[in-house]
Every structure is written in C-alpha cells, then in structure tokens.
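Take a look at the structures below.
Both of the next two complexes hold chain A, though its partner changes from chain B to chain C.
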Partner chain A sequence: MRLKVSPRLISAIVVGLVILFLVNKNWGGASISAKTISSFLVVGIALGGIYAITAGGLVVTYATTGIFNFAHAAIGCFLAFCYWQLTVKQGLPTVVALIITLFVIAPAIGFLLDKVIMRRLRDAALVVQLMVTVGLMLTFMGITLTIWSPKTGRSLPQFFQNTQGVQFGDVTATWHRIITVVVALLVALGLRFLLYKTRLGISMRAVVDSRSLAGLTGAKPSIISGSSWALGCMTAGLAGILIAPETGLVVENLALIIVVASAAAAIAQLKSIPMAFIGGLVIGLAKSFSAVYLEWGKDWAYADEAIPAAILFIALLFLPMARLETGKIRITKRTERLTKPWEAALGAGVMIAIVGAWANGWIPWISGTTFGERSTVWLGRGAGFLVLGLVMLSLIPLIGWAGQVSFANYAIAGIGAVLFSHFGGQNGDALGIVWVMLICAPLGLAIALPALRLKGLYLALATMAFAEVADKVLIRHPSMLDPSATGVLFKPVNFFGITISSSASDRKAFLMFLVIAFALLFFMLEMLRRTRWARRWIAMSDSPAASATIGVNLTTTKMMVFMLSGAMAGFAGCMIGLQRGALSVDSFPLFAGLPLVLLIAVQGVRYPVAAFMGFIGLASFPALFEVLGKPSWLTAIELIGPGIAAIAMAYRPEGAVFYSGRDLAGLLPWRKDAREEKALAVAKEREQNIGKDEIGDMGLTRPFSADKVAQLDRVLDITDLVDEHKMAPTGGAS
Partner chain B sequence: MKRIRAGVLIAALSVSILAVGCGRSGSDSENGSGESPAAKANANCTKEALQATEIGVSADTITVEVMADTGSPLAPGLFQGNVDAMNAYAKWVNANGGVGCRQLKVEAWDSKLDPTESKNGIINACKTAVAMVGGNALFNPDVTDLGKCVDKAGQPIGIPDFAALANDVNEQCAANAWIVQAVSEPCTGVNTGVRDLKAFVGATNFYKTIQPNLKGVFLVPGDLPTTVQSSTYQIEAQRSAGVTWIDTMKVSGRSEQSAFNTYVQALKTGGGNYAYMGSNDVAMTKLRKEAKAQGLTGVDVWACSLACYTENFKTAGADVDGTYVWMQFVPFEEASSNKTVETYVNAMGGKPDSFGAQAWQAGMAFTQAVNEIVAEKGANAITRANILAKMKTLSFDAGGWIGKARTSPKVFSDCMVIMQINGGKFQRVFPKEVGTLDCKSSNIVTVKIDPAAAAANIK
Partner chain C sequence: MSSILSTQDVVVRFGVLQAVSQASIEVIEGRVTGLIGPNGAGKTTLFNVITGLQEPTAGKVFFDGKDITNKTPFKRARLGIARTFQKLEVFGSLSARENILVAAEQRKTWDRSGFDPAKVCDEILAKVGLSHVSEFMVGTLPTGTARLVELARALASNPRVLLLDEPSSGLNEEETEEMAALLKTFVEEGLAVLLVEHDMSFVMGTCEYIHVLDFGVIIAEGTPAEVQADSHVQAAYLGTKTEEQAS
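After this line comes the complex of A and B, so read on.
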C-alpha cells in the first residue's frame, strides 16, 4: 500500500523545523520561568488583541464587500483623531464621543465610500481595487495630517487608566488591555453571529457572491453594500480608539498597522473572523516571544520586525491551491489594437527626443520662456525619476499583462542595487549589471513559487510579505549592505565612452543613457506584446481555465513573466545604485514601492507608455513647486493628491493613458478605429445612463431589456437596483 | 519612502543629544548680549563701493541656503524648525543692520530625507549661495560637491557649511563643515573599525549624586543602524562612569506601549534604579506609562536625551513627571537670563525648538565670520575662500548661549544643564544658577570602540 503524505503536512513539518532552528540559534538565554512566561503571555495577548481587532475589521470588510481595504487602519486612525477631538478637545463625555464617532461619523464615511467609490470597483481588476484602497489610505492619512498637525502632541488616555489592573505573576494587565482583548473577542464572535445567523449578515455575504441573485431573493444590494462599508468603518473606528492609547496618537503608527493586520487576516484566509482573532494573538505572542526569549544578533538585527510578514508568508503557504475558475469566464477587455513596430519605434524616439531636448536646455529656446530650464539639480532629479520609471516598466508584463499583482519589484530593485555594489558597482564594472540581471531573474522566479499555487489577492499579499522581509532581513544583512559603510558606494561606469554616475558632471550623460535604455525596453515590450508569450500571459490573466484547456502551460507561463520582470527590476536596481551613489539599509522599504504600483495603475498598467507617463507624473509636483514656489495649497495637494488620483481609478479603471491615448489617436487621420471605439464607448455610456426624460425612448431607440428595466427602476426610485450600471468599460486583469 | 516620521525623528534627536556647545563653567558664565551684528560692524562698510564679490554675494545681499528635511510626505515639517529659525534670524539680523554690510537672504532647500535631494541641495547652494547655514539633512552621505564645487574665481574650493546638525559621518568630518552639534568622530580619515570616540558623561555624573550605584537599562533608538551605532559609545561611556547595565535594548517610538513591558520587566527583575532613554519623547512617555501600569517604583533616575526636550513631552501628563533631560545650551525657559536666547525665543513667536536653536546659532556663527572678514579685509572681501579660512579659527560663544567660546569647526562641548519635567514644565536642576552651564573637562570621556561591532551586543 502506497503511503500518501499530505503536502500540507510536509510544509508544516518543514516550517516547524525552520522555526525550531531559528529559536535554537537565536535563543537569548532567558530562563523559562513563571516570571518570563507571564510576561510573554500578558504582553503577547495584549499585542494580539490590538492586531486582532484590526484584523477582524479587515476580514469583515472583505467578507461583506469583496474588497481588501488597505485603508482600513487609516480610516480607524482618522476616527481615533475624531474621538480625541470630541473627548479631549471638546470635553464631551466618553460615551457621547463614542456614540458620535462610531455610530454617526463612521457609518457616514462607510455609506459615502460605498456610494462614491466602492460600487464602481465591483467588477474592476484586482490591481485597480487594491490601488484605489491604497489611494484611500494615503488620502485619509493626508486629511488627518492636514487637520491635526503632527507638530502638536496629543494623547488619548487609556480606559480606566487610574485603576489598578489585574496581576498575573509579576505582570499587570491593565484594564484597557483587558478591554481591548475582550472587545476583540466579542467583536469576532458578534460579527460571526451577524454574518452567519442574521438576515442582514447573510445578505451581506450574498451580495458579494452575486448581487443579482441576492436582489432576486429580496435583498437590497445597494443598501446592503453601504451597510457593509458602514460596518467596516465602525470596526475600524473601534480598533483605532482602542489602539491609539497604546501606539500613541500618531498617524503613521495607527495607519501602518495594516501590515500586521493583513498577516492576521491571512491566517483567517480572509473569511473567518474568529480565526482573525486567533491570527492576531499568534502574531502578538510571536512578537512577545521574540522580545522575551530571543536575541537576533547583528546579522539579523531587524528580523523581529519582519515577524508579521514571515507569518503572513507562512499562512499563505497553507492556503489551499487556487482552483482554476470555470463558469466565471468574463470578457473584461476589448480586443486590443496592437502597436505597430514603426509606431513603437516612433514612440521610443519621441521619448528620447523629449528628454533629450530638455536635458540639452532646448525647451526654453523653443518655448521662448524659462519654463523647463534644466539645471544640474534637475538633471539629477530627472535621472532619479527615470530609474523609478524603469521599475514601473518592469510591472507592465507582470501586472498589466499576466495579471500577477506584485508589490515586490521595488524590493527586487533594492536587492539588485545592493548586489551591484558587490558585482562591479564599486569598481565601475558594467558587466556587473548583467550579473545582477541574471540573479534577479531567478529571484523573481522565487517569488513566482507562491504564484504557482496562489492567485489574486493572496499573491499580492505574498509579494507584500516578500518586500517586507527583503527590507528588514535581506538588504539589512551585513553581508549584503554593511551598515557601517558610508559615503559613495558606486564608482562611475563607462558605456562606450559615456560615463554614468551620480556626479554632477555626469548627470546629463547619465540621463541620456537612461532614456535610451528606457526607450529600448519600451520598444522591446511593445514588440513582446505582439508575440505568443504576451498573448499567453493575457489569456492566462483573462481565464486560466480556458488557457489551460487550449494547452497553455500555466506554470511555465507564470515563471517566464516573473523572470522577465525580475530581470528588468534588477536592471532598474543597478541604475538606482548608480543614480544615488550611496545606499543605506533603509532605502527600500515596502511603502516606498507602493506608490510606484499606484502610479502605474493610475496611468494604465497594461501600456508600456504608462511607465513614461509615470516618470512625468513623478516629476510633476517638484516641477510645480519649482514654478509656483511652495504655496500651502500645493503642499496639501501633494499630500492628498496621489490618493485622489488613485481613487479616480474607480471612474477610469483602464488608466489615464488609455483614455487620453484613445482621444489623441482619434485625431490622427489613419486611426479610424480609435474614433469608432470612442464613439462606441460614449454610446454605451449613454445607453447605460438612462435619464427620466429619456424614458419615452424605451422600446423605441432603446432596447426594452432586463437591465434597462432595472435602471429605470433605479431612476424612478421604484425598487432598489439589482445590478447597477457600469459607468465605464471594465478592464484589466480579472 | 524613507523611514517613517518616528524613525527619522529619533535618528535626528539621537544625534543631537550630542549637541555641542562650548561652554564656560557656571561660575564664570556671562550672559549673552544679543547685540546686533550691525553694532559690531566696522566702518569698512562705507569705505568702498560694495560689489558682487562671490557667488551669492551681491552689492546689497548675501544669500545663504538652509537645507533641511521638511517636505518628506511621511514626515512633513520634520526639521521645519531649522528653516523657520533661519528665516526669523534673517529678519532679525536685517532689522539690525544686516550682515557684512548687506542684507541676509535665506533660500530654503528641502532635502526630503533623500540622499539625492541632499546632494542636489549642495549643488544648488554651490550655484546660488555663498554658504550653507543652519542645515539639518539626515541623509547626506555624498558631500563631494561640498568640498569641490567651484567659487566665482573658478577655484574648486567647495562651499562653507555652517550646519546645525550633521548626521552622516561624511558631513561631520567634511573639511568645509562647521557644525553646531557635537562631533564624536575623530575624523582622522578612517571612520570605521575600532577608534577613539568622545562621549558625554556629565549628566551621568550628576545622576550619581542622586543614586551612587546606578544600575539600569539603556534604551537605544533602534530604527536605524546608524543610531544604534551612535549609542554604543554612549553606553560604554556611561559604563566607564560607573553605571551597571542590566541590559541595553533597542526601542522604537512606533512600538505599542505593551512592547515596553519587556524593558520594565528587565528593570524589575534586575532591581534597576536607572533608566536612560536614548530615543525620543514618544518612547519615553510610553516607557513611563508602562512602568506606572506595572507598578515599577524602584527607579530613582528616569533620564532622557535632548529628544525629550519638546512641547509634546510637556503635554504627556503626570506620568512623565520627574524625568531628567540634559542639554548643552541655556534652556528656553530661562530666556530672560540671556539676551540671545530671549531674542531667539521672541523671534520664534514663543515657540522655540532645539533644532531651530541650533540653526539660529549657526546663523550667528556665519554672521560673526562674515563681519570679522569685513572688519579685517574690507566689505568686498566676502568670498568663500575667506569664509572657509575664517571658520577654521572662529571664536564663537553664541552670546553666551552655549557658554565659552569654541575655536574649532568641530568640537565636543564639556558643558551641560540638567532640567527636570514636573507638572508639564521643565525646571532647572543642575547647576542651580539660572542662565549658567556646568562646564568641566571631566564631563567628557574618550572610549575606544568599534560601534558597528558593539551594536551587535544590543538586543
């Protein structure tokens, strides 16, 4: 009889052995006594309560809306500040302030978000959904910072802070912490009850599965989805109010707790709220265990900060293999017109011409003004923006074509930059760039391993975990980047007589080298888009099941795109190193990479030209500051603007370059197709937005179809809509 | 993005705890005059027609650049105090006759916690300003242009840098840098490995008068490796001064208060009577609150660096009462005792901060250098070369604000004053006499250490 061993069991054994090895290797020598155990448990459970309450809200939002809300903690942060304003500043009684915050402001935000933004994301590509919520996070952080200046100190008192807590051995559990843990538990159980035992909760989940079917059973999807967001905001607010006394009323501390909460939510597979509670406790206890019993030593000095990300990664390992979806094939994209080689060459040439004209100071000469006057400073900035453009370019095939949402490319670029310092960067050896690309390609492949069995949101979370581990563990390892090394790390590199470096005298040459490299990669991608590989990636993104049916090897196809993207990110990393000249261990945090994904998504992640527009976008605010001085309104826009731009994706999911490109192309005499496409889109939109004055057209110029009747019902407020209209063509990877 | 606000603030403040001043002993300290530079200016202003003598020096203005991290999206306004102080200083100095027979013009450069923007700031200053003054850029590793950019005559002599604070060792040890805050590094060319580093133990010596057998924990600002390393020689110095460390541990202002339980338990278990916070006011507040929650009563000395000398710390409530903070300049609370401090506090609208104070002092040093050049060589002798030569020998005491005159671009002050917070107010504890600093050579020790290697021993 053949013994069948579960792969999960093998994974569990391997993970267990690795954990045991790490614990043994880094044991700090603390004795296992009642004293240390009580300390470990009380602190761990207190921390766990904090994470659990955030994770619970994250899961309930996902379970009832189908959207992973990166802004969850930022909304909680905003509400915690509102609560502070009401209690501490206005002097309202705690109960009154809690009621106003949790039962008035929070639901209002939830309903508003649903009405204005979230409804439009229902059928949007995952990257659009995620980036809109990232934008929302930045917006809430920006609004909070604008209203409550970080220069002013604020503190939110703990509940019952003057009452002696409960003693466990040598450790006292304060009442606030006990309340936090108990509330987290009650919220978990209460929400579980709500979602599975009440009509409202079942309706919430049903609406996520199928709005139409839910509507047919008497649910009111629009009210239900609004209620879901209101509930999500209420849990966020509750978490924020309970956490703020522990973390301090500091925007970053409160908003960025989302990373830890994501790990706890992943343990719950984004489904089970009680499991999210347990996930939070696991992370809290793991951090506490590390603090009490482990010493990581100089090589892994920041490993404890990566514990949540590592747990997230492990949790994802134990997720069941993603099944090929059948019966849900959805045509999300129109048939694209492929860019012709001469058009791609022309585009590449235009990019070189624009940057070249600017770098050589010809724009003022052409325009007759000083606008666009380049300087050594701006040449350096331009190079900096362009290397980030290269990172964005590496995301096009991966996210835009293959639909593999990844937050790890900036981290790969960081690893590439550090590796280049070892492989020739310190000696000015250009061959090192090739070596780095050859290493980063399989590194991308390593990230692809979870992609082979995960997909969608889970893959995005896995790449987020990788980025965090890369920042906290890999790049900070002394063998990678010596923390005591200072000054310029990279020597100038010579390419066919052109010297490129961060030096002021080499900046123009470097910028020209970069734009030529960028244009070549752009051209390469446009040509690649015409090949069978790109078609396979897009087909895989549209429908893995259909692709597999027609013989596409999904494993190989995924691996190839991750390798390509990794190699491109590695090249970008080498350029980052040369452009900056010096590197520090904290140069490549996760949250530095997110804006790049956000920007490329806003511009249009399926189009290589979007990376160039992203480069322009990066330069826009500094350029505006240069031209306009530094007016306070522009500072506010800079703080909130990127978030607003991301939110705008809810209305323009294909990205800015698609819509502007279509409109501009329509001006060209030979692009009849663009004019027709726009006319079609306008007609479709008009068709889908029926007004009261157009009711008479029904059955005459408008078909009397089921969805039109539903729209009519909505316009006339007769019934709740069953399936809402689409404002714009949906697109992107499903 | 760079480290978040808390991280960078800790990084800055952990460096600034070494804040230099050149002081004089409490007994012979004299109050600053606050006398305007114009009053000290000489008759040379009218002896010749004023000319544009250097980049950034026209017939009627002198342009300087203040480079500080102010606009990073994650830490908005981090070192805005430097820029505000320099603008206020220019307003005040211009209202009092200007500098070098000209009006002072300040251009602000936002280095955005970004090495590239810091390098750009230097390049920009080279093209528009005669000097960089009052700067505070945390990530400034590439100072090539600081030492090599060309002056009006085409000579690659670089640009003078009167910095308020320099975090990166390359800027600290740059030949053209005159830095307000202390420089521990020997700057002998090799800034790695085992070397002699200066550290301040004056505050420790005072704490020993409260508790002779100090035994406790040193909490290291742990967000950045550089701040961990810069703490290692302070730990060693305090050990040499007689402190017994139960443990030295990394701490982050971003951590939840619960995470501070570990440190409290370490103090409890080890019978500690001393806790030194190398991080910032946020971390100290959490530590004190956690200690109170855990019923820790055995600590006699709660001590913090200059990073706790903030308005925010004053609003932290009774939990932080009794915390000691040491600094190397006359505190703002005693503005009435020193005209320079008073001028600064008033110019800042009653909202001074320690970063701004250092920027103001840098502005004063620059003004003094320029005025002395004018006095010695005439009103048209203001060049980068002359300023660089003058900064090497400048005798500067900031009107008594920092005590006795310093005579070197890089110094390590042996002066201090210790304050204690009670009821939301900082009050002088030592030395007793208002407006004075305690200055003695025994306040400084030299430790031989490799900070990178020693950092490995910090949990």
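After this line comes the complex of A and C, so read on.
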C-alpha cells in the first residue's frame, strides 16, 4: 500500500498547484461576493445537472452491458428532435410528447439496438465495440441531419419558459434549470435504486459478469440486455430534451456532450452512478467558475472548451491500475499468412499504377464530368484523399496490431501540419518534415501516457478528449496558427527534382509523389509486420497477461507503437499542409477525424492495404456525385453510410479486406492453405455458436428465489469491491 | 534437489471471500510437484500470485532464495518463471510458430547466450509435436492443439520453473498420455514443474509430491500415496462430489 499512496499524493499536489497557478494567472478580477458566488453556483449546478444525466445514462449502459456507448448523446439528440417534432411542429401537449418520446420511441430504439447490434458485440474486441458505437453516433447524427435539415433553425422552448424562476441572491434560476437539476438527482437516485435494489437491476448487472450468473435470477438474458439498452436510451432522451433548450437544437452541439459526459464517467470509474452525478457537477462548476472568475486572455480564448478534457486527464491519473485480465473470450477468426516481400512490392506497385494511370488519363472515364477529365480540381482532390489515406496508414500498427484504439491521430496530423508551417514549410524546406515527425512521435506518446496503465477504453476516451482540445484550443493559439494571417502558409517543396505544392501546376507531380510515398510506407509496414516488433504488438493485443508472463514489458512496448504512429501521423500532417496550402483554425475538428478511424476499421485495420481501400472509399462519394449529378439520396447515404458501414462490423468484425482476401485467396489454385484455414475457422465458429445457444437457454429454466438473489448480490458486491482491491502490477510499472 | 520456488503464507482476499489462506508450497528442481483441490479451491489464484498477475493480500513468494513478491510479471518471467493458463491465453491472431517465436525473441532481451530464436522455435515445435500446424493462426486451431501451443510458448522462454494450469483439459486420453511423457522429459532436463490438474490418474502418475488445497487452505501434502490415504483429502473430494450431484 505504501508504494501506491505516494505517486497519487504527488499527482494530487502537482495537479493542485497547476490549478492554483492557472487560476492565479488568469484571475479575471471579479470580486468574490455573494453575487458572483451565487451566479457561479447557480449556473454551475444547472450545467452540472445536464452533464450528470448524460453521464449517469452512460455509466448505467456500461455497467449493465459492458459496452461504452459513444452514441449515447447522439441518440439523445435524435430523441430531442423527435420531441421537437411532436411538440413544436405537431402541437401535441408537452406531457403526451414526453411520454411518446421517452416511453415509446426511446425503449423501441433500445430494444432494436440490442437485438440487431449490441448482442453481437459482447465478446467482440474492444476495437470493434468502439467502432460500432462511434459508427452508431455518426449514423444517428446523419439521420437527424437528413430528417431535420440544419438549414432551418429550430429551437426547443424551456419548460415553464414564461415563468419567473427563483431568485437566489441576485441571480435568477429559471424553472427549467431547477427542473434539470432535480431530474438529474432523481435519475441518479432512481438508477442506483434500480440497479441495486430491484430484481431486474440485479440481473442487469449480473449479465455483464456472466450470462450463466444471470440465469440464476430466472430472467431471460436477452430481455435483460434489451432492458438495459432501453433504459440507456430513455436517459439519453431525457438528457437531450433538457439540454437542447440550453445549447440550441443543433446536432453537433448535442452529440458532443459525449466528450463531457465521458469525463464525468471516468471520474465514476465507469461504474458508480453517484460518482457520475458528482463528476457532472464538478465539470459544470469548473466551467462556470472559469466563466465567472477567470479571464483567459485572447491567446487562450477557447481554454474553456478544454476543461472537460483536462478533468478527464486528471481523473485518469487517479484511477487504479488495471488488472491484467485472464480468461476473457476473444474471438479471432483470421485466416491469413504473412505477406511475402514480393507480394508487398507487387501491391505497392499496383497502387502506384492505379493512381498514376488515372492521373495521366490512361483510364477512360465517363465523359462530360470534371472527374473524367481529371481537371486540376480533381487532381487536387485526389491528393486530398491520399493524405487522409496516410493518416489511416498511421493507425494500422497502433489500432490494428497493438490494439490501442486512438482517435487522436487526425489531431496529431493537424498539429503536424501547423508545426510544419513553422519549421521549414514556409521556406519549402523538406528537412522540416523530419523535425515535425520527431516532434509528433513524443506527442503521440504524451497523449497516451496517462492511459497506458489503464483499460483500453480509457485510452479511447483520452484520445477523443485530446482531439477536441487540439481542435478547440491548441491549434487556435495565435502562436500556432495566427487567425489574422491568411494566404499560403506552405511554399513548394522540392524532392529529388519533383516540386510538390498545392498550386495547380504542381498537382499531378504532387499526386504522384504522394502515391509513391504511400506505397513505400505500405511496403515498410508490410515488412514491419514480419519483424519481432509487430509480433510483440500483436501478442500484447491478443493477450496482455500472457505477454507479461513471457517477459514483455507492456508499458515500453506500447510506448514504441505510439511513437511510431505519432511520427507517421506527423508526416501525414506535413502532406496535409502542403496539399491544402493554407489552413484555417477549424481545419481539424474531431468529427472530421472520426470517419477516418471508422473507415480504416471497416476496411480491416490490421491490414496496411486497407488504408488504400479507405482512400478509394473516400474518393468514391465525390466521384459518384460527379458522375450522377447530385441526387439527394446520395447525400443521405454519404451522411449515414460511414456509420452504417461501421455498424456492420458487428457482423463482420475483421473488416472488408479480410473477408474478401480470405474468399479470393481460396480461389487461387495454389492457395490450398487459405481454403483449409477457412474450413477450420468455419467449423470453430459453429462450435462456438452451439455453446452460446446452450447458455442462452439456461435462464428460462432456473427458478428465482430469494437466496439465489442474495447469493448473486454477494457475488456482484464482491466483484465491485474486488475492482478496488485488485491492483496487481501490470507489465511496466515498477 | 533444492527448492527453487516457494510461497510463504500467501493470502488472497476478494472482498469478503478469502480465496487463498496462508498457503505455503514448495517447488523443487527436477521433479513434478502437484497442486490439486476441488473447483474453486484457489489453485489458479495461487498461480496468479506466483506469476505476479495477482497481488497477494499477505504473504511472500520466493524464487531461488530471493523475495520476488513485489516484482512485476515480466520481471518474474525474466528470472525463469513460465506458465500456461487454464482458460486459453494464446495469441490467437499469430501463427503457432509466431506464438513461440515471440517468446523466444523476448528471451533475447535478457538471455545473452547467443541463441537463434528461429532455431529454438523450430526445435520446440518439433519437441511438442506442432510442426504440422506451425503456419496456422492459433485462433483457428482446436483447443487441444492450442494448449500445446501455450506449452511450447512457455518452454520458449527457457524457464527454470514451469507452471501448468490443467494442461490436460481439452485433450483426449492419448494426448494426455503424450503430455505426461513430455513432462517426464522436461524434469529429466532439470526443469521444475508445478502442475494443477483434475485428472487424478495423470496427477498420481506424474507427480512426486503433491499439495492439496481446499477452500484456500493447504489441507495435506506428501507423496501421491500419502495424499490419497489422507482422510481430509477424501472428505474434501467426497464433499464436492455430493455437491456436484445435487446441482
């Protein structure tokens, strides 16, 4: 114990000092009076209530299903729009609309999600679980944007909008806010009661630990997990309806609450509902404190936006170290052999040939479109998609091999692009690219550092928070990207006689340069896959516990892959800068980076070739628009498609490249190995499915008696306690 | 014959449940030591304590005379402790050969004897009889074969102590016999083996010395014959028998 207390104490002191320093430095000069205090509290608590409801729903879903639902806020957003439709548009009475939204639509969505998607995710790899829910988030955002076009403004009235509210000192709390806080409190208490004191709730928690344990309660596992999702959707909807009048009925604002709610959920260690409530309040109060008392100055004008992320990072420092779990079923169905060097070289050659043939007009295209004529516009676009392909390539070793899910690489690329405009880009100095890569490697590591010793999920949360901070705060700092400076930031760079830049005359050369660089990186990755580094990363991802027991230092192993991926993202960033020529402060939003992660995952994140397929996928929509005109159904598909594709991963977790590769390789006469392995994999899958059916039946027959419940409760409480006590050292920490 | 690995009064508590109570066992070079007990007795938990995956609530673990209780799992591996898992922990998306290669290459980081990992890997594959599946992804192999892969992987780090958690589960009778024969060759080479096993004929046939664990407590120890004759052991096993029949 003595060893564990001290680093925490040190962290606490350091964090405390940093906060004191920031507060002192940015003190806005507002006096601490009854007036400011009451406004700080009233605003903070109201804001906190909003976050608390969302965080509570998030934690309940995680505690009862084992899946962290990134779509939680997006579902809430969709339901808020439904509610708007019913009240404002159709003119239904508030109560009726509330009942329809929260007790009909929301549970229906929940049961449907459970049946169609979530049940298949129980034993899936973390990457797949995350991708599917992120895909779900984009889908719900896309559906909402399609049904309710953002071009028309909408607003949701507050509850009791026309009443006075309550006076606290000099500050008025509207009834809406009071209701929000009361509802948040009731929801927290209600959920806590439900999970710990009712039969359904106990079964819900039991399902996470083991389906057979849930069988003891006599309930059918499928109904239990359906109820969990229904409950999650209801809390999401409630939060959405309460938040929308405050933030405006805007899809992105509502869906982004997920970043804030994740921070609160991390404070709650993803399992304690009361702590999620407190976490929400802490964030709300911190934001309101900053608004009332602090003056960030114009350089840090958006520092406010970083508060939830900062709180998330602080929370991560204080979480107990994750235990190296054993005995978790991980279904891997891979049939694949190592790519031989000549095959990789051939692949690289084909990539160069495809892009080269298109760029030079050797492929006949549909005439009459600018796409077919390969205008400079299209050459520029092609390069634009290829640089994003480079970002996807940087994810292969990190997510695909080492299993470390990161949403930060697009943000790192963004920072890389901005840095390149300072280091060499403005003079066309190619050496600057090396500097940027050398800076981005440790940057990638630094983002991951607080989450290295924790469960993989926290890493995903931390990287998402970082991406948000990079977009809202770092890149906007004038010394990074001066908003007053416009025009070209990057001068053409000369590489062995090829001039690359965004100007129209250089575009073909640039595209060729990019595809050659891409193909080289692809080849290097394929070769890296054959080395002990990649083997060790994959081993670590497949079984951390077994890796540790053969002597792998998990911490340093993870650090290596983060640095590699960071450097690759930095290179991609330099290329993004050169390709765009100029950057604006909002060039690298979180929502632009997410689809890249989804796309590579859908294609098959373990396979370098998937990044090229991702590039083709990115190019395909604009190309179709060119060829087909601009049909509105295609717009809808473009909005919803990536999400749907990610959701499909629940059925096809390994990615498109894998399945097509397996089936196509089997067709080659000399690939007998592929046919054999496929047969083995299919047989094994069948065996596993039989096992699952048997378990599914168990619940039906078991009686439900008081002592069984008591037994179950004891087990569950034990596991709750256990989580706090079991802190076996993982790999690297010593 | 000297003791290479021992635990001293190890206690593991999970909340209110005491999974291991003051367990002291000893593993000796050049022989197979058995650790048996009914389901839930705490055998796997004790393995986790020895390999560093589970922090003990109290007690100590000694390896080669040194206290290793506070060492991380990977450092213990480097000292020469290797194990297999009751529930498979293979690297499912690597080939069988790569599974073993990872461990052999890892050994390079501390073993400076200048061996060639690829060669070591092929030798071990031949030894445990996996050469014919060496290029298959382990995730697609049947459980029995995957178990052998785990064993081979453990061997690849050239351990001084090998901990095997129910190696015979998922194996058929013939394979179990082969496994027993393999274990014999290991101990002849001077390896120390700690074996957890439910298959009693396997245990009694291979172990020279047996510790019996029941509800986390060592209730008996001795040679197979002594243990079989022990009245506590009979009670513990009969007790679970009746429970199993009831449920």
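What we mean here is this: the second predicted complex is superposed on the first by the 647 of 734 C-alpha atoms of A that agree within 3 Å, B and C clash if a C-alpha of one lies under 4 Å from a C-alpha of the other, contacts with A are read in each partner's own complex, and residues count from 1 in each chain.
The rule we apply is simple: a contact is a pair of C-beta atoms (placed from the backbone, for glycine too) under 8 Å apart; a residue touches a chain by one contact, two chains touch by 3 or more.
This one's a predicted model, so the numbers in the text were calculated from it and none came from an experiment.
In the overlay built on the shared chain, the residue A:E252 is in contact with chain B alone; chain C does not reach it.
Contacts of A:L47 after superposition on the shared chain: chain B is touched, whereas chain C is not.
In the overlay built on the shared chain, the residue A:P341 is in contact with neither chain B nor chain C.
In the superposition on chain A, A:K35 makes contact with chain B only, not with chain C. With both structures placed on the common chain, the touch criterion links A:V585 to chain B but leaves chain C unconnected.
Set against each other, chain B and chain C differ in how many residues of chain A they touch, and the higher count belongs to B.
When both complexes are aligned on chain A by C-alpha atoms, no chain A residue touches chain B in the first and chain C in the second.
Remark: chain A residues 3, 323-324, 326-327, 330-338, 532, 535-536, 538-539, 542-543, 545-554, 606, 673, 677, 680-681, 684, 714, 717-722, 725-734 touch chain C in the complex.
The touching residues of chain C, counted against chain A in their complex, run 13-17, 48, 51-55, 57, 70-78, 81-83, 85-87, 89-95, 98-99, 101-103, 105-107, 109-110, 117, 135-137, 139-142, 150, 153-154, 156-157. Across the complex, chain B meets chain A through its residues 1-7, 71, 73-74, 76-77, 80, 115-117, 119-120, 123-124, 127, 139, 141-142, 144-145, 149, 168-170, 191-192, 223-226, 228-229, 250, 253-254, 256-259, 261-262, 265, 268-269, 281-282, 285-286, 293-295, 310-317, 451-453, 455-456, 459. Per the touch definition, chain A reaches chain B in the complex via residues 28, 35, 39, 42-43, 46-47, 50, 145, 149-155, 161, 164-165, 170-172, 174, 177, 243, 245-248, 250, 252-253, 256, 287, 291-292, 295, 297-298, 301, 375-377, 380-381, 384, 476, 482-488, 502-504, 579-582, 584-587, 589, 591-592, 595, 635, 638-639.
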